[in-house]
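Got a structure for you, questions after.
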Amino acid sequence: MAEIASVQEAVQTLITDHESVALEGFTHLIPQGAGHEIIRQGKKDLTLIRLTPDLIYDQLIGMGLVKKLIFSWGGNPGVGSLHRFRDAVEHQWPRELELEEHTHAGLANRYVAGASGLPFMVMKGYRGTDLLRNTKNAAVIDCPFTGEKVAAVAAINPDTTIIHAQQADRKGNVQLWGITGIQKEAAFSAKKVIVTVEEVVDKIEPRPHAVFLPSFTIDVVCKVPGGTYPSYALDYTKRDNQFYKKWDSISRDRNTFMNWMERHVLQTKNTEEFLRSLEGVVT
Amino acid sequence: MAEIASVQEAVQTLITDHESVALEGFTHLIPQGAGHEIIRQGKKDLTLIRLTPDLIYDQLIGMGLVKKLIFSWGGNPGVGSLHRFRDAVEHQWPRELELEEHTHAGLANRYVAGASGLPFMVMKGYRGTDLLRNTKNAAVIDCPFTGEKVAAVAAINPDTTIIHAQQADRKGNVQLWGITGIQKEAAFSAKKVIVTVEEVVDKIEPRPHAVFLPSFTIDVVCKVPGGTYPSYALDYTKRDNQFYKKWDSISRDRNTFMNWMERHVLQTKNTEEFLRSLEGVVT
Amino acid sequence: MMDYTPDEMMTIVAARQLTDGVSCFVGIGLPSAAANLARHLHAPESILIYESGTIGTKPVALPLSIGDEELAETSDTIVPLPEIFNYWLQGNRVDIGFLGGAQIDRFANLNSTVIGTYDNPNVRLPGAGGAPEIASMAKEVFIIMPLKKRAFVEKIDFITSAGFLEGSHSRTDLGFNGSGPSIVITDLGILRPDPESKELTLTELYPGVKEEQVQENIGWKLKIAKNVQVVEPPRDEELQKLRELKKA
Amino acid sequence: MMDYTPDEMMTIVAARQLTDGVSCFVGIGLPSAAANLARHLHAPESILIYESGTIGTKPVALPLSIGDEELAETSDTIVPLPEIFNYWLQGNRVDIGFLGGAQIDRFANLNSTVIGTYDNPNVRLPGAGGAPEIASMAKEVFIIMPLKKRAFVEKIDFITSAGFLEGSHSRTDLGFNGSGPSIVITDLGILRPDPESKELTLTELYPGVKEEQVQENIGWKLKIAKNVQVVEPPRDEELQKLRELKKA
């Protein structure tokens, strides 16, 4: 059964230096608030996992907390580069960043294998590309029935997965809806699961396109309204496309980035203060 | 794009003697109406595929139309045996029935592989059982990363899949909800797809626990209200548990069975007449 | 104290095995009756999962099939079949699986496929369904089967679902996720696997039942524990609730 | 006739390639603009699929990301990521995939991973995303890339997405589902693979563009078709609708 606790407590208890963490979310429902809490608590030497490392991963990397990144597409969606990510890879600033990269389908299927209790999953893809040479977690195997060659990807099982959902009930059951990406598999493949939510409700009503996670599949549920900003929680908050564009200039320069992080993340106590600190500064 | 046509026409055009057909439905939304149409048209030498062959498969088998059955559980749910199925296996009446059997998870994953464009899928299971000896479509392979042994099941791709849904719109898009079982995979793995529906609506509104199939993934949509009887279509019809119990005595004896089929299926033109013929006879 | 049948006793004993808060993969019939009885009594927070994909169901009446509308309408969520088998059962999210079968052997292997030879069976049974995966992947398996000499046999005709195979470490050698059957609940008493050899051993008897009655209904020489305990008879509230459920 | 930019011409030419009723896997940026333009003009029944899992989306404004709320709210359905990749793309349900990249070679292989060496890159690009699977599994691939000498290169630094590999039958040897890129739409003209060698060949030019302008922006000796055609300039309704979409 999930415990209901503060995100400060959840991060303190369940995120451990040197471990792997997946903060998943595919454009929608990105758990930025929990990510900021990891930064505030200065967790370090993390292996981060995510199909689409975006702004919050750029921040974690730029703050020097990340040792290794396992990913499939690292950009600012619709805008361009993640400058802190590039700086780490191109100039080892603020530290070297080890990479393991996949395709979306490949990393998605690594989570599927993890969620399914399997050591690997089969798929097409990888063959004919240079990606096979840069990871030991993809291979080519033969179909035992037809002899056809298919790709195999190794299961991934994060030490901790963090996702954001619209609702939890008081028992810690969770429902998310809209674009739910790879969140169910990220949660099911993990050893420990944190879910931050917009709202705690008395009773969860099933929604279209929803993922329901029973309380017993989660360790801690934390109420963090607005915790996806500048991403969004469908039917609760709006995506701030302007902030995504603005991040390009904030993150391009090391000093501007550090100052911004200092002002808006390190000097704020929580998501509420973080969001308040942006008033008048961004859209 | 799906065509909207009568089930008579759909069966005539898309079900071919000697081919394989999956009429899928896991307790809920079983396409009995389409099955009856196959019986009326006397399609023959069929290979039938389904996790849970139930009453409609018992009827198809008892009528001698089935050459081979690929399945994972062949009983009358909560009641007992399928007598026509047993008679075919135990006494080759009315003809010999070739069997290929799997576990639910195994046959489900055969459909998953088929729906995924893969030659096979991996899973746990089969090992330690006698099931491995009775099918060439399950095997044991080694994980290329850990060496662990896992089961592999070959893709299944029915010539035609028939499923029943609650709603279609006028363009042939389809939505089913409630217990949706393996229907999406059965449809996606098939070469030809027929969907019978309770209702054709102007606009489909997304529902909780729904599967949406775009028109372009379907060949023919047919309106067959009540076409799941004695199974049900959630929010449209009720499961007739009494009929499932009654089937035990109808089907136990060859003559009683043949008379019942003659009276209620062969002498009726369609699902409407079939249902009317049962009034006063069953619950 | 109310009178009761051996079947009622068996169902109630099965219900007592479920601790609160567990996730339980429920088959139709006796398991469904036992699991729902437990949910109405001491285990209100248990999560019942039916193989139809209904999770967290809370039926008032006992369903006839694993897919009755009652199960869909009272569930927390419904997932497609590949998910229930791959993510939930195989993904290690099921604490308890309930199983039965037509035949069982001394190492709790189960047959629900054929009586006789596979190619020319005397009785063709329904087949595997979800049982083999439940047997190998639920963290723990409870078996419920009324005692009958033709059911408790020296050698089963077909291994549909693996118990402890040839006993000892032969199951663990295969690396299954689940630890296997921990109990066989019959209508006369309880058998449990020996911790070392894994051979089923009579550990508890129902009130008034003699050891010989059990042996008479078992086709092999039954191992008997040193101190066979007597199980508490059904309490009134257990019986009343069970009868209420069956009537609804 | 209205004035237009090379970028507008490129987007409109891309939109014209989409026939009505096709299912199209749409990336953000130029592909999304082209696909939505087509949907508003001659292809109202085309099914736009974004890798976020939104199927049959009908956005009024062009989205910034593949997961904007506009896409979720206007879709026929939304499916999880494993399903979009495994059942839809890999399952052969995508007619057209649109791709771009930082580099392309003469056999339409694409690089979106690194410029320079993998271990010590000059420019670290975002990486593969969904592109490799689109490239190998969409039934047909349309590539949109503005011509630049540093983008159209003799040898790409990393094969992220396979085009025709070393040309000829080297792609078909791998047994990919999809037939590969059928067109490369640039801002000056159109290249198509030679039916035999699979080498990209200039087949169409935009109005007023000379063959030499194309060659100047390509890092290999470009093959030129016998009869290079001139593409019809943007019609007013095409331009108006495109500008409307971009403004919304």
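Labels A, B, C and D are assigned to the chains in the order they are written; within every chain, residues are numbered from 1.
Keep in mind that, in the parts below, contacts are C-beta pairs under 8 Å (C-beta built on N, C-alpha and C of every residue); 3 or more make two chains touch, one makes a residue touch a chain.
Going by UniProt, the chains are A, B = 3-oxoadipate--succinyl-CoA transferase subunit A; C, D = 3-oxoadipate--succinyl-CoA transferase subunit B.
For clarity, every value in this text was computed on a predicted model and none was experimentally measured.
Chains that touch both chain B and chain D: A. Per-chain CA centroids place chain A at a distance of 28 Å from chain D.
Here the spacing of chain C and chain D, counted between their Cα centres, is 56 Å. Taking each chain's centre as the mean of its C-alpha atoms, chain A lies 40 Å from chain B. Counting only residues that touch two or more partner chains, chain B has 116-118, 123-124, 148, 184-185, 206, 209-210. Multi-chain contact residues of chain C, defined as those touching 2 or more other chains: 77, 86, 90, 137, 177. Counting only pairs that meet the touch rule, the chains in contact are A-B, A-C, A-D, B-C, B-D.
Every residue of chain A that touches chain C in the complex is listed here, in rising order: 1, 115-118, 173, 184-185, 188, 204, 206, 210, 212, 214, 216-217. Residues of chain C touching chain A in their complex: 21, 23, 45, 47, 55-56, 76-77, 86-87, 90-93, 137, 177. Only residues 26-28, 51-52, 71-75, 77-79, 81-82, 85-86, 89-90, 101-105, 108-109, 111-112, 123-131, 134, 148-149, 178-182, 184-185, 209, 211, 232, 234, 238-239, 241, 244 of chain B touch chain C when the two sit together in their complex.
Within the complex formed with chain A, the residues of chain B that make contact are 116-124, 136-137, 139, 141, 143-146, 148, 150, 152, 154, 206-210. The touching residues of chain D, when paired with chain A in their complex, are 28-29, 51-54, 63-69, 71-73, 77-78, 80-82, 85-86, 89-90, 113, 118, 121-133, 136-137, 158-162, 165, 171, 174-177.
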